[in-house]
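Both complexes shown next keep chain A, but they swap its partner, so chain B is in the first and chain C is in the second.
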Partner chain A sequence: MRAPAISIKGRAFGDRVLLALVILLSLVMVAPVLWVIGLSLKENAELMANPNSVFHAPYTLKNYVNTIGTSSVFVWVFNSIIVSGGLTLGTLILSSLAGYGFARLNFPGRNVLFVIVLFGLAVPEQAVLVARHQIFSMLNFHNTYHGLILPGLSASFGVFLMTQYFKAIPKELDEAAMLDNASRFRTFWKVLLPLTVPAQATLGIFTFLGAWNDYLWPLISATKKDMYTLTVGMASTQTNFAQSEGIGFLMAQAVFAGAPILIVYLFFQKYIVTAVSGAAVR
Partner chain B sequence: MTADIEIRNVSKHFGAMTVLDDLSLFIKAREFIVFLGPSGCGKSTLLRMIAGLETVDTGEIAINNERIDHLPPGKRGIAMVFQSYALYPHMSVRDNMAFGLENIGMPRDLIDARIKESARILEMEHLLERKPGQLSGGQRQRVAIGRAIVKEPKAFLFDEPLSNLDAALRTRTRIELAQLHQRLQSTMIFVTHDQVEAMTLADRIVVMNNRKIEQIGSPMEIYDRPATKFVAGFVGAPAMNFVEAMLDRSSRNATARFADGIAVQTEIASDQTIDGKYTFGIRSEDVRIVPAGQGNADGVVDVLERLGERTLVYARLGDGQQIVGSDAGNSRVAVGDKVGLAFDGRKSHLFGETGRAWHAREV
Partner chain C sequence: MDDRRATPPTALPAAGVRAASIDIYAPQWRNFIFVAPFLFFFTMLLLVPLFWGMWLSFHKADTFSSGNFVGFGNYIRLFHDKVFLQSVWNTFYFVLLTVPTLALIGLFLALCLNRRTRTAAVLRTLFFSSSVLSVTIVTLIWRIVFIPNVGLLSTIYGWFGATAPAFISDPSLAMIGIAIATVWWCIGLPMMLFLSALQQIPQDIYEAAALDNANRWQTLRSITLPSIKRTFVLVVIVQIVLQFQLFGQAWLMTRGGPNNLTKPIVLYIYDTAFRRWDLGMGAAASEVLFILILMAAMAQYLVTRSKAGQA
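After this line comes the complex of A and B, so read on.
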């Protein structure tokens, strides 16, 4: 009878050690975020005098008021929502249709085309930046929403992910739908697509986060201030002396920019964990 | 609604491989037909061709004399129950059953009435709002059948629908299927490799092997008078005993002589047989266990299988050939005993080199 008692005690100790390690690692991860929030709540003059002042009162929301007071911020947030939302929606639609096509339809050159799509994964954005800039310039796409959205729609990863997901759905479901007199589109729309929701959520989250945080292409394409996305807009407000003279303001902007992402994380935590761990939500 | 189904000279190829070779079959209305055969014999392919899930390379398939092989699956008036059930996981049982009817534009009240009636027949009214993931294997099976019933099809196709159930549930569902057939009086085609399912369910069994039909007949015809050696060996458990034999055709009935001199007088007419090598065949229940020296041959008991109502005795002959015989349930025979094997000549079979069978005269 003693052996199990010792084992349970040993397990409890092991659990405590594990918990301590988890807390320690969490603190390491969270510390920079807390630091940013702390800085954003302090007067700049106070921070310049003593950086350790972040650990004690007084705290102020002045930096946030200043950030919101910059009227362009709302425009940039709106732009980011349009671009990220549009890109996410477009990517989900195109990737789902392409994934279904690659997984379920037989057409000449399917395998070659799929390899070409996969090859897209290996091409860095920087390699096509100049050519894309020139093409978009010729088409007068710069400083437009579609100019910001279109490049992201060539989502090799999305097509790959959805293809694999559709392939994993048993073909008997398609066949049952065929016997149920469903058209191909109705089979796709009513039977198969609802089963890919976990993959859609994963792809949607990654696409949205990627688009929200994207800096390089909006910096090139959106040259007019009213077409800035949040990232470009925030960067434009930083002066040369921002690090020394406006650190609190800078951090308030960072918190402001990160808030939507935090909200996305909170709502879709289950799918993000699944996406990162590579497991499927069934 | 019911229908007869005719398959005329149908062939199917996958690339260079022939899966079905010039196959013809007529299935009568209201008949319960079972396609029985080993894996890869083409039985599921044939079923899928009737369903429209596989194309027909050559030949025709007709329902009630109307060709259907050019029609899409949904237009053939056929319902199919899949091995994996293929229920739509995100839909409730009710929606699963309604989906096919919605697709043909049936009014909602009629759909509801059909679902209600089907659910009543299958005693699953309480499951209608559940999703497939919340059902047991047996319940899913029931829903799959329900989804077929609501369509009131001309014929039901079953593709090994019992293979995912445990033994007890399989037996129960088998009986329920037989009752369902009696109740609906529909044409049903059932694919299986399980001979017990075939024997218990079928009006007629179509035994398939190697891309062709070996025999079509009632379960007892298939069992008692197998057309070929393959059928004789495939149907029945344990498998029929086979022994290489020479044929003595000098008397009215042929006598089979085994290599070690054992002779069995059959009731197979000598003049019906032809010259050549033969295989003698006899089922285990037609080989009685008697005291050594009193049967056609003696053997040493290798293995005993006590089935309750009878005991299967695996005895090895002098030349090493194993013969399975049958003794009483409370048989006192033990492993290692020397026993006599008495072959019932009236129930013996002969198989020629091509596999063709000869049987005793019918009484």
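After this line comes the complex of A and C, so read on.
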């Protein structure tokens, strides 16, 4: 028993060295954010005269007042909520139905169809972007909410996730329900769906976060300023970045846009981490 | 409904049970209704555009009309276009800069933070937190770090009387600047994947090693690393697929400049298809990207498959 005790003691020293390294890395994570928050609280004139003025008073909330008062940021937040919420709801409905279908029911061609859906996992958005844009042009879908929501509904990941989840539920449950003469849909709705709440939460958070942060499709499809989502809208105000007058204001916008999602992350951390890593491994 | 439930269970003969279970699993067309809604969107918004895109890549096309068949004309033009070749190289260079860095730092963090202390939990939360931000916010943060005069970097260099490297405007540093911002943004996922792999290593192996007086390095080399080898490969492939799709960081930080040196393939597609409206050539470029990503996705499939086979 003595030998392990010695090696554990050696461990304690090594642990401290490693911890110091990790804390150094964590400073790299935090410092840029603190810098941005600092800049957002400063008058531009003062910043231009002396960048080191970030470290001392006077601080001001003027940039935040300007963000809320003058920019279209609320319109963009509203658009983002509609688009992300709509896509999340749609994905949950389609994926749950299809997941139940693939996991529990039999129909001609089921296995082939499932393989095709799995193949969808390997198709990157960029491979279908140009054609999607052309189709949406013909249908006059650009600069509309459905134009922003629809492409996301074709993602296979949710179906894959829900199929796996439904497969893990014991079949005796549906069989019992069917013996009670419940219809297919009733079995799905009343018996199985309530059991999939954890998977719904994972899929819902993953979808919402992905839609909220999506940049490429909204950039291409929403070209009118009042149809911008928050990511595209924020990016559009960055163009005159080098000009001196806007830095504190831009930083206030960044904090304004980033803080809510970080707060949500702190509350739903466990689900978010599971959702994101689960989606990566598939 | 209620009166049916009221019938005593004994009223159902054993034969009835068998009939019902046969009924449940027989292939039936009406069962298709459950998957039909998803398949509709999947077909219209993924399969159709996928094949439409392939078809487009063989045509000279603009927004509203799909013009003449040009065969491999777009592809030939593409591979004679210096900017496209540059963008392919840029993408590979970016993947080379980011993927090993993400995998190694992610592994290091996971090894250090795989413990039950409060500090470790807080640090895990911290290192993952940047992953939930949008590309717009991340690039805004890093441009303000790199910007001359008021930037964080130039302020820190200023304390030592030095001039900060110009990560955005210097041609040889611009891509490195984008890579730094990307590693900062994406480090959470590799760390979490490694952490969950580490937690699956049975604890008694470590106890046995401790009894054998194995030191930290020996334990790491002969127990930990071999156990997570497959996860390492998986993390690398996942990151290759993700980083191949570089767009937002390059577009927002440098607009692909200076001299197209930070223009990745997706930005080339965006420029060609949606700013010059040469949809045929944009489609051809996206097919090239598709093939590259498909190869990585195939590798991922094979890795996860063999993992499942072994378990």
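Definition applied: the second predicted complex is superposed on the first by the 223 of 282 C-alpha atoms of A that agree within 3 Å, B and C clash if a C-alpha of one lies under 4 Å from a C-alpha of the other, contacts with A are read in each partner's own complex, and residues count from 1 in each chain.
Rule of thumb we're sticking to: contacts are C-beta pairs under 8 Å (C-beta built on N, C-alpha and C of every residue); 3 or more make two chains touch, one makes a residue touch a chain.
These numbers were taken from a predicted model, which means no experiment stands behind them.
Looking at the shared chain after the overlay, A:178 reaches both chain B and chain C.
In the superposition on chain A, A:128 contacts chain C only, with no contact to chain B.
Contact with chain C, but none with chain B, is seen for A:28 once the two complexes are overlaid on the shared chain. By the document's definition of touching, of the two partners only chain B reaches A:194; chain C does not. More chain A residues lie in contact with C than with the other chain of the pair chain B and chain C.
Counting contacts as defined above, chain A residues 175, 178-181 meet chain B in one complex and chain C in the other.
The touching residues of chain C, counted against chain A in their complex, run 1, 4-5, 12, 17, 20-21, 23-35, 37-39, 41-42, 44-50, 52-53, 56, 61, 63-64, 66, 105, 108-109, 112-113, 119, 123, 125-137, 139-145, 147, 149-152, 154-155, 158, 184, 187-189, 192-193, 196, 210-211, 213-216, 234, 238, 241, 244-245, 247-248, 252, 265-266, 269-270, 273-274, 279, 282-283, 286-287, 289-290, 293-294, 297-298, 300-301, 304. Chain A contributes residues 3-4, 7-8, 10-11, 14, 18-19, 21-23, 25-26, 28-33, 35-36, 39, 47-48, 51-52, 54, 93-95, 97-98, 100-102, 105-108, 110, 113, 116-117, 120-135, 137-138, 150-151, 153-154, 156, 159, 174-175, 178-181, 184, 188, 209, 212-213, 215-216, 220, 230-232, 234-235, 238, 241-242, 247, 250-251, 253-254, 257-258, 261-262, 264-266, 269, 272-273, 276-277, 280-282 to its touches with chain C in the complex. Chain A makes touch with chain B in their complex at residues 170, 172-173, 175-182, 186, 190-191, 194-195.
Those residues of chain B that touch chain A in the complex are listed here as 51-53, 72-75, 78-80, 82-84, 86-90, 99-100, 103-104, 147.
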